[in-house]
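Worksheet: one structure, shown below.
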Amino acid sequence: MHASVIIFYILSAFILGAALLAVTARKIFRSAIFLLFTLIGTAALFFWMGVEFVAAVQIIIYVGGIVVLIIFSIFLTQKSGEEMPKPLRNRSLFSVLALLFGFAFTYHLIYKYRFEQPAPHVFNVKVSDIGTQMLSTTEHGFVLPFEVVSILLLASMIGCIVIAMKIKPMEGNEI
Amino acid sequence: MGIDFLILMKQEWMVIAILLILLFIKVSSDDWQNENILKLVNILLLINLITGFFGYRDGILFNEMFKTNHLIVTEKNILSLGTFIVSLQSYAWLRNNKLVLEFYLLLLSTLLGMFYMISAGNLLMFYLGLELSSIPLAALANFDLEKRKSGEAAFKFIISSAFASGLLLFGISLVYGTTGTLTLSALSDHLDGSSLQIFAFILLISGFGFKISTVPFHLWTADVYEGSPVTVTSYFSVISKGSVLFVFVTVLYTAFKSYAITWNHILFILSVLTMVIGNLFAIRQNNIKRFLAFSSISQVGFILIGMSGQSQAGTASVVYFILIYTFSNLGAFGVISLVSAYTGRENLEDYKGFYKTNPRLSWVLAISLFSLAGIPPTAGFFGKFFLLMAGAGQGNYLLITIAALNMVVSLYYYLKIIKVIFMDSNENPIKRLLTPSSPKLALIICTTGIILTGFVGYIYEYIFSMSTIF
Amino acid sequence: MNEISITQILFVSTALFFIGMYGLFTRRNMITMLMAIEIILNSVNINFVAFNKYLYPGKLDGVFFTIFIITIAAAEAAMAIAIIINLYRSHHSIDVEDAEEMKY
Amino acid sequence: MLLSLFIILPLLTALAVLFCKGLKQVRMISLMGTSVQFVFSFGLLYEYWKERASGNRAQFLFEMNASWFDPLHIHYHIGIDGISLSMILLTAFVVIAGVLVSWTQETLNKEFFFLLLILSAGAYGYFISLDLFTLFFFLELAVIPKFLLIGIWGSGKKEYSAMKLALMLMAGSALVFVGLMGLYFNTSINGAHSFDLVEISQMQISNSAQNTFFPLAFIGFGIFAALFPFHTWVPDGHSSAPTAASMFLAGISMKLGGYGCLRVATYLMPEAAHHYSPVIILLSTVAIIYGAFATMMQKDLKYINAYSSVSHCGFVLLGIGMLTQTSITGAVLQMVSHGLMTALFFAAIGMIYSRTHTRLTEQLGGLLKVIPFISTVFVIAGLCSLGLPGLSGFVAEMTIFMGSWQNPDQWYRLATILACASIVVTAVYILRATGKSLMGPIHNFQYNHLADAGWNERLAAGILITGIVAIGVAPFWLYYLITPGTEYIIQHVGKAITLK
Amino acid sequence: MSPYFFVMLVPLLPLVSFCILGLFGRKYIKTTSGTLGVISLFISALLSLYTAYRYFFIDGKVNGIYQHIIALKYTWLQFSPRVSIDMGILLDPISVMMIVIVSFISLMVHIFSLGYMKGEERFAIYYAFLSLFTFSMLGLVLSSNIFQIYIFWELVGISSFLLIGFYFENPSAVTASNKAFIVTRFADFGFLIGILILAFYSGTLDFGTLIERLTTAGSSQYIDIHSATFLGASMLTWGLGLVFIGGAGKSAMFPLHIWLPDAMEGPTPVSALIHAATMVVAGVFLVARLFPVFSIDLTVLQIVTWVGAFSALFAAVVACTQTDIKRVLAFSTMSQIGFMMFSLGVSKYGGESGLGYTGSMFHLFTHAFFKSLLFLGAGAVIHFAHTNDIRDLGGLRKLMPVTHLSFLIACLAIAGIPPFSGFFSKEDILMAAYHSDKIIYAIAVLTSALTAFYMFRLYYSVFWKRDIHLHDKNHEEGTLSMRLTLVILAVCTAFAGFVPVSSWITSDGAPLESHIDIVFSVFPVLMALTGIGLATYLYKTENRRPQIITSAFGSLYRAAYRKFYIDELYLFITRKIIFNGIGRPAAWFDKNIVDGFMNGLATTTAKISGLIKGLQSGKVQNYALYFFGGIIALAVLFIYVLNY
């Protein structure tokens, strides 16, 4: 067994375990920390797959931005250490059933599907390539989405300011 | 290339320019009066609308990330028109609002998002456009900052929309995984009809279904419509919904053409559910906004029928209907937003005896509702007729029958409102409202539109001539 | 490295997806719901990267998609948190069960 | 253009009404508009005769065909034959009488006349349409004004009735719509579909398609024509409506259905018409008998007339279902006759109600003495209803009986006999109603001071009675008007059979 | 143009008078209305007489046979190329005779009413209605088309309805008029079906063609109508039987007679016109009109005979017990019409065996005079004494000499005492019956004895019985116009029997040798005299004999007095069976089942709407769950169930 295979399994187990804990932990702060672990695990998985840039972005935005934001908001709205209310029993039951079924179903479909592996091709993601393509207008250029996203960020920033101005005027600029 | 940028993306440029102007005003000074800002914005929107009618060209930009053609330009024009009307109507509400500029910044960025979404030739652009058009909407939904309902609506919207986009993304990822491309025009060549792909396709449809609120993906709609400010609700129900419908029809007709049988059946199920459930809920509503939410849900059921027509008439009837729907729904919302802005009353009972005090507004509301119900001589009749006719082209007579009977049910609740307005008496009716000039203009535009769009056969012919040949 | 097939990675992402969904369906705290959404988006990201890497390594569509998703997730989260905070201000609760004033 | 005036004029009048101030102006304008319309309809009659006399044997005269929604092959195609012309005359009569009867309509008068005129525009448009889309358009156009008229100016449980009427009629038009779709997509002219009545009639539509869409179209139109068991909007709707609306509703609106059954369902799907003819006959016979018996138990004058309308409109459908030329001619005659007669009836009831404020037969009595004119009008309407020779009802019913009897099948004969039997029951309820409400001693001493009809009411009644008597005494002119139209229909129906 | 074109004026003049009086009489003409009506009728009657003169004496006869002359024919309604309703005038012996009778009696009534109705508020309307009736009746008898006769038949019905209900403020008048109309309408329903049957098989509505086609053995129509059967009877039998029902209804034959006694609620002159002389004989006329066809179907003739005979006897029995002067006369009318009817029934077509036909028509002729005289006399009595009840009357012979004398002549005529007119006509009928069926003959003789009895019972009760001395000098015996009419009619009654009807009116148009068989007539006259004698014994003076006899008969008397409970039976059928048994359930069914179903649809929709409101729970997590569920459901459906 290859080392990378083992690493993959470990990473997978880590990600899934942390995610499970994140959605089940009774204390919100713990939950946030487990989310952090999940995100870091995912970043690691990206790293494992050879897309270091994405992994980096993942760490910066998710870990550095979103989770921090979430934690801030937890502090704002919650007394730490307090246990969260239990989920409603009926809903958990139905959710679990539906989701288990959904998972089995989806994975069954994926499993059945014969993905055609192309001839070995070097999958080499250079950061410089990404940078060029991001701002290129030619083929494989992503300047238009880039601009759209920038407008989106601007708009959401304005939105956040409008909504939450009175409480915390700073939270729009997390990026 | 350079001139192409300008001309092909003219509508986007216009919106961006307006955004920049507004941003500049925001940054530069605080001295602007609300009235003046509103005037300026309305003029700018009018310019935007007018420029839309010039310089039609078909073309593709950015490696098919952006594409445009006559139909798309027309669709954008419809959205611009709708936005213009919404903006005119918001006058009464925004007059004394401190955040006018922010409101327009958010509103126009969503409009921009929709433009990109409609022009998207690529699932990435589609997704980005979709998000751009929905995330600021959440902020808009929360614009009545003091109202609890508004916050609740915004929360429900953002969570539902995030959830929906999660599913949509999962679907897109599976599409990508099974076809290897995100470009819509290339997609149809790679479809293999495997179960996984159909699942992905269903996920994709659910994403669309969420935005256009088809049953069972509609549940957020009523709550969000009820909680949001009336102007935003009307924007939600007309512009936001309309834009996604435009994309939906293009995506189905071009990218997923080879799945025609599948989506035809899916649309069958969805449209029946949507009409029936929408109607059943609309019957029991008391809040007029909530009522219009369900009515707009059932309207979508009818639009889906037209979409299932798989013909040139299918596209044409959908676009045509959305144009009519814009006029009709905005006509209704125009009156409601006036009433809401001046009195804050939004319940059906409040409208008792409305005709006694405000006969003109009552007629506008009535005509709009008739148009929504598909009663001649309003344009709604023509719109619905052509939608169902397009649907019948596929021999789906069962569907048509169900739809036609649902129109009867829907007539019930429209007439219920008419009854309240015209026939019921009230000790404490809504007082006589003085309509400011800009909402009045909006209402005149809507009413004229409702009357003319149907009768003038040329409009339909025009849309038809541009529509995608299936 | 080649022993890990795409389906295995997809197993992880799918499982993550449904775990996220579970969180979304059951957590009563609005912020935790938001967290669940982040998990969902993450799983999609894994999908995209995996597909790109294993099946279509020629172009970087998947990778770019992932990057944009991450960005949008951030914007979405920010907006959601702003709304939640606003809601907290008026409701003094961020239990989702309390946000049901509008119904039927 | 000549025909389009029939749509344009009421619309212009309606618009003009909107700009009027005060009841006096409004009613003057309305009266002028409707009078012009009235005169025009006679002008049309004259032109029609001139055209026919000059040997023009075309099925439809004064045709006009303009493209409307070109991609869908929807045309604004109008034209008339004798059947439509008689319906137009009927409409002109009823509308002008309706305006006159509503002369003193105080509350919201502008809206009232406006809606009334819109209704008339709808009816005219419907009768001149030769394109199914236009036809359907006008059919639906005439629904909502009725809702408003009943709901706003009505009496009793008006909102319920208005809603019921609107919904049932819309359900009818929904079925019609599906039927039209079926017709449209089963025609093919160079690959294109058509809504054109003339074009469709030259088309051979497959039997299975006909058998599917005929019931839809027929029931749909049938709901308008009070087809049993879809007639329940009739009693409530008629009784709650204000006088002019009742007149319009029973006089014209129900004819829309009968006309549609004939012109669209039967004419365009002849084989299916044969196939379903027993069902139609069964239902219409039930409606005739059962409506008559149900009428017998009613105590409210408007309910009496409404239920009797169910019974009388059953004759229309019976005539159509029997599929002989005479019976179809009879059906058309019955439509005209019933339209005039029931309008007159409702006008009389309205006049009585406006004076006594009750319509219950028990509370009335002896009115013939205090308001002889109105009572006489009522009696004449009643006599027409029970089929007195010399009035239009007799001519129409006898033609239907005669035509129905030509069908030698035993069961058809039985249906005819049962339908004939209803004339006895009709006599019973009409005479009971007149006896109780108009004759006998005066129960309520306040009635001693009632004023008899004013000039407007006299004129309205006079116009309608003239129509009734003109048909009753000299039916041949109307008969010759109608016959060419029915000939075309019956030839078509006959041709379809031989082809099978 | 036919030389008889002017006959058109006979019915048209009353129509014109009706229109003028109906539209303007009430306001503008008022009391001169009567004069107007009389003038129009006078011209009409003169024209009728001229017609009769011309027809019978100048050009009606060709080759010794009276022809059917179509004076006018105008297509009124073309049902189909073959079948049409024509408005026409058919002149043949019976129609000529009828127009004379109708216009003459009507003229009499018009004149009589000048006095009788004087001061009546709705004087003009009254004359308008009278004119309308006269028009309808004249139209009826002149009809050349079976549908035309139906049209006028109905018009006659409605004008009789209007006249019976003339005193509409009186509830019993309203009920009576309704009853009359509805009962005859019911009969007309049969008539209509009969017409439909005959018209269908003969392919025409024209009388002449119809009779010709149906009586020509071997014609295709003849074969068709005989070969088509329903419930064991040929279609001819059905058609004629149904037509006869129509006739029976109008002619008040048992059991459709119930309207006739009640119809006496109308003004008395009206009763004289309608319920004595003209309208009630329409049924007889109808059978006579179609007699060639009737004569080939023995089944129907049997029915006609027995119905006529039974009605005659039944009515005579009832008449003996009635106390209302007009009711006695009403039942007597019914009885006399029964005579005419069975006389037709026993007749055959052509030659000597057609005596019944001639007798029937003859009796119709004479009956018109004496019965209208009786009614007008009764009217004069009522006008004078203000009561109809014979128990309150008596001794009027001195106060009303003219009335008394004319009434007596009429009574003798109806009793069949020679040489008054009734004797001659009854003689023919009895002869025909005797030659045909002895039982019928027996019934006829018995009835004629009863007739004599009850007529003289009436006569004595009104004019004798006791002596009354009215001190009030203002009481006069009616106006001049009333007395004048009584005198004219009395003269007619006395001498009408000498009119040679049998040579004019026969079943086949060829004259019949008239012969009075003295031997044969002795027995009936004796019977009649017995009846008169009995009446004289019982009623001439006030005594207790009638009560004794009444109590002796007991229940039979009561039953007869209550008209054998036929009215009650009808009431039971209408109230209990039709109203409660059909009408009420129909109305209930409509309200609760049919309408209930429609309303049920609405409430069900609303209920479902209420049931599923939980979907929209307001909880965003539920929404997400449903969302997800929807996707899974769609996916499973499309991937596993539908297998795309």
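Observations, loosely collected:
We just call them A, B, C, D and E in the order they show up, numbering each chain from 1.
Please note the rule applied: contacts are C-beta pairs under 8 Å (C-beta built on N, C-alpha and C of every residue); 3 or more make two chains touch, one makes a residue touch a chain.
Note that this is a predicted model, so its numbers are computed, not measured.
Steps from subunit A to subunit B, taking the shortest chain of touch contacts, total 1.
Minimum number of contact steps separating subunit C from subunit D: 2. Looking at contact counts per chain pair, the maximum sits at A-C.
Among the other chains, E has the CA centre that is most remote from the centre of subunit B. Nearest to the common centre of all protein CA atoms is the CA centroid of chain D.
Separating the centre of subunit B from that of subunit E, both taken as means of CA atoms, is a distance of 76 Å.
Look at where the CA atoms of subunit B average out and do the same for subunit D: the two points lie 42 Å apart. The distance from the centre of subunit C to the centre of subunit E, with each centre set as the mean of the Cα atoms, comes to 96 Å. Centroids of subunit A and subunit C (each the mean of its C-alpha atoms) stand 6 Å apart. Taken residue by residue, subunit B touches two or more other chains at 124, 128, 131, 135, 138-139, 142, 145, 154-156, 159, 163, 174, 177, 195, 199, 222-223, 284, 412, whereas all remaining positions touch fewer.
Within subunit C, the positions touching two or more other chains are listed as 6, 10, 17, 20-21, 24-26, 33-34, 50, 55-56, 64, 68, 72, 75-76, 79, 82-84, 86, 97, 99-104.
For subunit D, residues touching at least two other chains, in rising order: 167.
Of all possible chain pairings, those that touch are A-B, A-C, A-E, B-C, B-D, B-E, C-E, D-E.
On the side of subunit B, the complex with subunit D involves touching residues 312-313, 316, 370, 375-377, 381-382, 385-386, 388-389, 392-393, 395, 397, 400-401, 404-405, 407-408, 411-412, 415-416, 418-419, 422-423, 457, 460-461, 464-465.
If you check the complex, the residues on subunit E that touch subunit A are 621-622, 625, 628-629, 632, 635-636, 639. Residues 613-614, 616-621, 624-625, 628 of subunit E are the ones that touch subunit C when the two sit in their complex. Looking at the complex, you find that subunit A touches subunit E at residues 91, 94-95, 98-99, 101-102, 105, 109.
Those residues of subunit C whose C-beta lies close enough to touch subunit E in the complex are 21, 24-26, 33, 96-97, 99-104.
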